[in-house]
Structure formats: structure tokens, C-alpha cells
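What follows is a set of structures for review.
Shared between the two complexes below is chain A, which pairs with chain B and chain C, respectively.
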Partner chain A sequence: MNAVIQILSGLTIGCIYGLVALGFSMIFRAMGLVNFAQGDIMMLGGFLGYTALSIAPELPFVFILVIAMIATGLFGFVIERVAYRPALKRNADQIYLVLLTLGIGIVLANAARLFWGANPVVYKIPLTFDIVHVGGYPLPRVYFYIVGFMTLTIIALNLLFTKTWTGLALRAVSQDPTTSRLMGIDPGRSSSVAFVIASMLGAAAGVLYAPLFYVSFDMGAVGLKAFAAAIIGSLGSVFGAVVGGLIVGLAETIGGQIIGTEFQDSIAFAVMIAVLLLRPQGLFAQNRRVA
Partner chain B sequence: MTSLSIQNAAAGYGHTLVLRDVSLEIPEGEVVCLLGANGAGKTTLIRVLSGLLPLKSGSIKLGGDDISRLDPISIVSRGVATVPEGRRIFPDLTVRENLQIGAYHRRRSYAGTNELDFAFEMFPRLKERADQMGGTLSGGEQQMLAIGRALMSKPKTLLLDEPSMGLAPILIQTVFETIAQLSRTGITILLVEQNAAAALDVASHGYVLDRGEISLHGRADDLKADPRVQESYLGLA
Partner chain C sequence: MSSSTATSAAVPTGSTSLSLQRSRRTDWLVFLVVMATFALVPPLLGGFALYIATIVAIFAIAALGLQIMVGLAGQLSLGHAAFLGVGAYTSVLLQKLYGVPFLAAVAIATLASALVGLLMGQLVRLSGIYFKIATFGFGIIVYQLLSNWSSVTGGHTGLIGIPPIRILGTVFRDRLSMFIIAMIYLAVTYALLLRLTHGRAGRAFRALGQNEAAAQSIGIPAASYKMAVIAIGCGAAGLAGTLLPHVYNFLNPEEFTWLQSLVLLIIITVGGLGSLPGAIVGAVVLVVVPEYLRAFQEYKMLAYGVLLIVSMIFMPRGIAGIVQGLVTRIRGRHAPAETPS
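Coming up: the complex of A and B.
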């Protein structure tokens, strides 16, 4: 019985990693940029949800989720415009771009510390303590929210990439920005869209993570595990980000049980290293078409 | 009037001028070909016309409007479509999606997938491969796709950059037949080519670009008879 719960909780935390990993992949595809601030975007989403809750404690959780996603999405739009795009336009070296994203992450973390304090905060809502019994197994209700949200995200992204002009343009720009311009596509608009979506997914991860654990200014570290997940699934692949997230979530939960929970955090990276040794391009490098 | 006229164009990369002083007239509804050796600046001229590369001096007029400073998005919205050098098919979009994206600039008036029918009629091969990735097509199929994609924007003017490059002779013939057919529908065409003989056959006028300057121009028939053209571009002595 314990094993079943472990697996389910591994898959759930894997969904959280997957959501953040999706953000890494979207931005990488759209701009060729690894945005190391992605984990701090998740943290920001978690805190914005917390603030929304303290202003309106009666608001249903779904609304908190949507508010945090919209606010963080706007935030992503702004940092893409004021920080990343100008740097890319001036052909900044890859190493400086990476430093820029790390720097933005640090600024976000410290700003959050100033604003929300150094102590972790907990969402004081019934959902945090709500346990449902499914087939005799006690499971936090938020698990179902997380898995449901992940499912909706996959469906929505699939529709976006295959059925909309915006999605088609995103894919075209990621393959050939110059020729995309000849088709009348504005690559800048595509990178805005990618950043906004990535930020919204990160925010959702933060808000969905909060009832299980807490929100704290230094939780951007979760982003590093999500980065490992994105790498495992081949950076840039949407499908791979999700599967990579699930692999990392499962591996660290089960591995933590077997080896010891204090080693949990290193397992994500051990898995990443193992995968890269066997398959340097990641697991789903062929599957760019899945978008 | 949608004639395209280029006056004293100069352009290049960094401090290097690739086009020095190029003037060219493409009358409405006609095919004008631009010949020249590798490195003469033919592709640079296409990049300038499609808005990818800014002019350093000179001007470009489309039907009387100055389009010299416009970006590629505004240029394609004005009915100028480009078939770029090397075809530049989106490798991980399907054939259908590659065609559809050609209509991106007029997406608000796009009427759905039956808009692709004309391209499939023109190039039946593409219909057979509609759900294949663009990158899996042969060179000839990719060229047809690149032309089809440009036509999806419903252009009045078409810029074709070396459409016969790298193709088998039988396919080259198909490409030039397609160009002749397009010309009959009234589209204005600038055809950049190394294959001078075939290009002069479909064109009404021709220009020869030599190291960034127009060295010769005239009616296609006159150019074919010109000994300088025969020697340098037609392989005749």
C-alpha cells in the first residue's frame, strides 16, 4: 500500500517538474535560450497566489490559480521585453545570456525575500489538509488538481501547436526565424508568446505545489530539477518535458525510499547524467514533431 | 500598377558593399530574369527586395509606393512573396502546414484547408505527401512546396531565387514550366537564375549582374543573341 502511494506522489511531483520543464522547453524552442529563472518564476507564481489568498481568502482555489497565472504571465511578458529580447538583439554571447537568466532568477528570489520574507509560507486553505480516499488509499486532494491540470495543459498545448496560427508561427520560428519573417511572421511576437506561456505554466506549478509543501523565496531550486527533467526528455520537446518530469518525480520518490530521503535531490541529477551518458540528445530528440 | 522598380540600390553586409548601384525595372505582369555569376549579388538583391536586408542608398518602388524601408512583414502584406534561395522549407512542419504558413499574413481572411486545393492541383505530388514532414521531401518536391507556399500568400509579385538550383534536368524543366504558367496568370516575377538559357526563355527582359552592378540589360531575345551573354552565361563561344 505504501508503494502505491509513493508511486502516485512521485507522479504528482513529476507533474510539477513537468510543468516547469515545459517552460524551459518552450523558451528554448522559441528563442534558443535556457531560461534559468524558470524556477524563480514558479516561486513568484506561488507567492502571487499566496497574496491573492490573503486578499481574498474565500476565493476558490481555481481562481487563485488563474490569477497567479495571469499575473506571472504579464511579468514574463515584461522581462522578455526589457531583459532578454534586447540582449538577443545585440547578439549577446550565449554565456552572457545564461548569466542574464541566472541574474534575473537571483533578483527575483531576493525581491521575493524582501517582499514576502525569509520564512516559508503555507496556503491556509482547506485544500492543504484535504485527504480523499481512493480505493482505500489516502491521497491529498490536490494530487487530482495537479494531474488534471497537467492533462489539460498537454491538450491545450497540442491544440495550440497544431490548430492555431500562433502555434504554427511558434513552430516555424523555432525552425527558421528568417524564413518565418518572409511569411509575415514576427519572431518577436513568438518569443513573447513563448515567455508568457512558460511563465503561466511556472506559476501554475508554484500554486499547485504550495498546498503540498510551502512557498519560499529559495524554492527556485525546484527549477533545477525541472531543468534536469527537460534535459532528460530532450530540451525543446514538449512531450519530452512531461515525460522527463514524471521520470524525475518517480525516480526521486522511489529512490529516496530505497536509498534515503536525504539523497532525494541528487537522484534527479543522477538520472539526468545516466540518461545523457546513454543518449546524449535526451530521450525524445526525434519527436520534435509532437511539438 | 504593381510594377517593381529599383533605383540606384546599394546594400551589403557591414562595411562591404555587395550591391553598388543597381537599377532594375520589372513591369507589371512580366517575367524579368536576373543573371550573374556566383557572388555577383543576386541573392543580396532578393534579400533587399523582401525586406530582410536594409538598403544603404537608393530606393525601391512598388507600383509607385516607396517600400525601401519596409520590413518583411509589410512587404509580404503588400503582395510581394519570396521563394528563397535553397527553398528553406520548414523541415518539421508537414507539407500542409508549410503551405498554410504561406498564408500567415492574411490569416484573418484565410478560409480553411480548401484554400490548399489550388496548390495541390498545381503540384499533385504535394497532395500525395500532404502529411509528410517538409524535411523528408526530395529537392524537387521541396522546390514545388516553396513555390506553393509563396503562392499561398496570394502575391501580385513573386521573387524567385535560383529555383532550379540543385535539381535534376527533368525537374528543372518542370520548374520553368511552372514559372511560365504563373506568368500567364498575371503575376509579376523576378527570376534570379544561373540557368541563363532557360531563364531567358521564360523572361521578357533580362539583367546581368556583375560584381554588384548591372553590366547588361535588355529584351530577353536580344540578350540571348548578345555575344557577351553567350560567352559568359550560355556556354556558347
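Coming up: the complex of A and C.
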């Protein structure tokens, strides 16, 4: 009984990692950039949801989620335009780009600390404490929101990539940026779209994480474990990001029980290193460009 | 592999061996200026300045190693503080538990850090972005081991009762002698690494940093040089780490977090990627300035982040690049491009 709850909670937190990992993968596919600020985007989404909630406490959770996603999406759009695209245009070095995203991450985290304070905040809504009994297992209601949102995201992304021109352009750019540009695809538009989607998914992860735990300025570190997830499932693979997230979530919950919860963060990265030893490009590697 | 092919890859076409020689002389001149400044200014200011200068020297040593690894050879490490930790804990535990003499403990700890770095390099024999993220993960794992393996490392509370530095029976514990020891450390590391960058290995590292595939295609054994540079970078961090507990008089895993790894990266970026004196200047900026802005402690990381972004946008080659540009303008002729941009 306890084991079932452990596995379910591992899978749920795995969905959160998966959402953030999807963001990493989208941006990497579209612009070959590893955005180390993605975890801080998740934090920003969580705090924006908190602010929306403190302005309008009666608002349903779904609206909070949507508001945070739109606001963070806009933020992602702006940051891609003013910070990343000029650097990419100049053909900046990989090291430069990594340091730039790290710098933006530090600034975001510490600006949030000034704005929302150094102490973690909790969403004071019924959902935070709501428990549902399913087959005798007490489960937080927010689990269903998380799994539901993940399912919707997968369906929506699938439709986007297979049924729309935008999605086709995104796929083309990820396979060969130069040729796709020759075919008339605007790489700037693709990277904007990718950044906005990634920021929205990150924000959703932050808002969905909040009722389970808390929001704090340094929770970018939580999002960083999503790196391990994205890498395990091969950076750039959408399907892999989700599976990688679930693997990390399960591994750290089960491993935490066996070794000790204080080593949870290590487990995610130990699993990642182990996977990379066996498959240097992750589990779902395709013939894609390598950074 | 012949060294002449390596030279042609590392040095931009057009520069002659004469300009190479001249730039070497400039490098040693800069070395003398930097070390002379260190030897004169803090003792004149005295007291607290000696203590700060000691910490600057420690960070400068780690940053020098990181500079070779990141700025020259392009192997970005996102968990470098972990190797400071390995050095610090190995040295202190050897002295405390087994009574190993200070110098021997320092040597073993430096070697241990280099070995752990090699282990990481072998475990994650990866290129590009996969290597970066693996180093990040490695840093987290080492930090969690240090803070949770309480029976050995003292856990989150850390270790107190650090044995004083004892060399050949003489005990050094006052600020001035700590400062002098740190200066000797720094001068030796700086000189060794400077010599290294002038030699064949330095050229190979540069070639590796500019284009790994091209370096390999002209016969540079990229894999072994990569391992070598990782060992050097991590060893330097370990060496720096051995001094840290003696200066602070305690040892605590919080000194080796992911934020410290970031600070080290900011040091070499602000100082100028690829420049050894730049790494030292960066360490001065990032250690000294916060000491005098203690009232604004909560803005510290924000300021670091802004500093990182601003310096990357407005001075992509860091303080070293600006100084070099000024010198070139004053001399009124084109100086040889020594550092890769």
C-alpha cells in the first residue's frame, strides 16, 4: 500500500520534471541552446501564480494556471528577443551562451528574492490540502491535475508537430537549420515559438508544483533536475523528455527510500550519468545535431 | 603528430615566431607585475587586507586552473567548487585523523582532486553539452556526499579544530604567514600554468578549445589532452582548497555549493576568458568588492548575475581584453592575438 503511494508520487513529480524537461528540449531543438534558466522560469511561473492568487483569491486553480502560463510565456518571448537571439545571431561560442543563460538564471532567482522575499510561499487554496481516496489510497487531488495537464500537453504538442505548419517548421529547423532557412522557414519565428511554449510549460510546472510543496526563489534547483530528465531521454526528443522525467521522478522517490532522502538530488544525476555511460546520447537518440 | 602542425593550428596565420616570442616576454612581464602588486599592496595596507588577499589568492589559484580548462581548452565545468571541496576535506582529514604533515597532505589532496577529476572525465567521456551537464551533476553529488556523510565529514555542521599549518616543525598561524604561504602557492601555480600554455600542451589546449574536430584532424590526440586539462583544472582547484580551511579555521560543505562553482565561472568570465592574469584580476574583483559591500549581502548574487551578463555584452574578452586593447592603442601598433576570443 505504501509502495503504491510512493510510486504514484514518484510518477507525479516525474510529470513536473517532464514538463520542465520538455521546455529544455523544445529550446534545444529550435536553437541548439541549452537554457540553464529554465528552472528559474519554473520558479517565476510559480510566483506569478501566487501573485495572481493573492490579487484574486477566489479564482479557480485552472485560471491561475492559465494566467501564470500566459504571463511567463510573454516573459519568455521578450527574453528570447532581447538576450538570446542577438547572441545567437553573432554566432557566439557555446561557452558564452551557457554563461549567458546562467547569468539570466541568477538574475531571475535573486530578483524574485527581492520581490517575493526569501521565505518559501504556499498557495493558500483548498487544493493544497485536498485529498481524494482512490481505491483506498489517499492521494492529493492535485495529482490528477498534474497527470491531466501532462496528458493534454502531450496531445497538444503531438498535434502541433504533426498537423500545423508551425510544428513542421519547428521540426525542420531542429533537423537542419541551414537547409530549412533556404526553404523559406524563418528561424527567428521558430525560436520565438519554442521559447514561448517552453516558458509556458515551465510556468505550468511551477504552478502545479506549488500545491504539493511550495514556491521559493531558489527552487530553480528543482528545475535543474529536469536537466537530468531531458538528458536521460536524449536532449531534443519530446517523447524522451517525458519518459526521462518519469524515470527521474521514480528513481529519486524509490532510491530516496532505499539510500536516504538526503541523497535525492544526487540520485537524479547518478541515474543520468549511468544512462550516459551506456548510451552517450540518452535513451531516445536520433540522428540529430550534437551541441 | 608533429609540433609544427599543432603550432599552425593554435596560432592565427600571420603571426611570426618573433611576435610569439614577444608575447611570451609580455606574459612573464605581466606575471611579475601581478605578483609584485600582490607582494606590495596587502602588506602595506596590513591587517584585514592580508586576510582578504589570502582568500583572493585561493580563489585565484582555482580560477587559474579553471581558466586553462574552460577558457583555453573549452571544457566547461559547472561543478568546479566540488574539487575545492575534495582538496579541502582530503587535506584536513589526513592531517587531523592520520597526522600527515601539512605539505604531504597538500600534495596528496591535490593529487586526489586531480584523480577525482580524471574519474569524472572517464565516467563522462562525453563532448559538448553532455559533458557540461554531467559536471553539474557531479558537483551536486560531491556536495551531497560532503554534507551527508556525517561520520567522516561532520555533515552540514562541518569540521572545527583545523590543525594549524606546520612545516618542518614550525607552526604558522598568523595572518602574515598565511598570506605568504598563499602567495607562494599562487606564484608557483601561475608560473607553472604560464609555462604550460607556452608549450606544446598549451597550443594543443587552445586548438581543442577552438575546434575539437579540427584539432583531432591535424593529429592532436584530443581525448588524452582533454583528460590532461581536466586533471590540471581539478588539481588546481584541489590545491586551492587545501588552504581554505586553515584560513577560515573551519570547514563546511556550504563553501562548495553550486553557487561557488558559478562564482568561479564568473571570475574567469569577468577577468577575460582565456587569460591567466584575467583570472587573477577576476578573483580580486569578486572577492574584494563583496567584502566592502557586506551591508548589501542580499543583493550579492543579483549583482554577480548582472555583472556576468553586462560583462559578457560589453566586454566579451573581459577586463584582460580591455587592458590589452588599451596597451595596444598606447603602443600604437597591432599586438599579436594571444588569447582566443
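We take it that the second predicted complex is superposed on the first by the 285 of 291 C-alpha atoms of A that agree within 3 Å, B and C clash if a C-alpha of one lies under 4 Å from a C-alpha of the other, contacts with A are read in each partner's own complex, and residues count from 1 in each chain.
Please note the rule applied: a contact is a pair of C-beta atoms (placed from the backbone, for glycine too) under 8 Å apart; a residue touches a chain by one contact, two chains touch by 3 or more.
All figures in this text were calculated on a predicted structure; none of them were measured in a lab.
Among chain B and chain C, the chain that touches a larger number of residues in chain A is C.
In the superposition on chain A, no contact is made by A:N119 with either chain B or chain C. When the two complexes are overlaid on their common chain A, residue A:T151 makes contact with neither chain B nor chain C. Shared-chain residue A:R181: touches chain B; no touch with chain C. In the superposed model, A:I231 makes contact with chain C only, not with chain B.
Within the complex formed with chain A, the chain B residues making contact are 50-52, 71-73, 76-77, 81-82, 84, 88, 90-93, 97, 100-102, 104-105, 107, 133, 149, 153.
Touching chain B in their complex are the following residues of chain A: 165, 168-169, 171-172, 175-176, 178-186, 288-289. The touching residues of chain A, counted against chain C in their complex, run 34, 83, 94-96, 98-100, 102-107, 109-111, 113-114, 118, 221, 224, 227-228, 231, 235, 260, 262-263, 265-266, 268-270, 272-273, 276-277, 280-281, 290-291. Residues 70, 74, 76, 78, 123-130, 132-134, 136-138, 140-141, 144-145, 147-148, 258, 262, 265, 269, 273, 298-299, 301-302, 304-306, 308-309, 312, 316 of chain C touch chain A in their complex.
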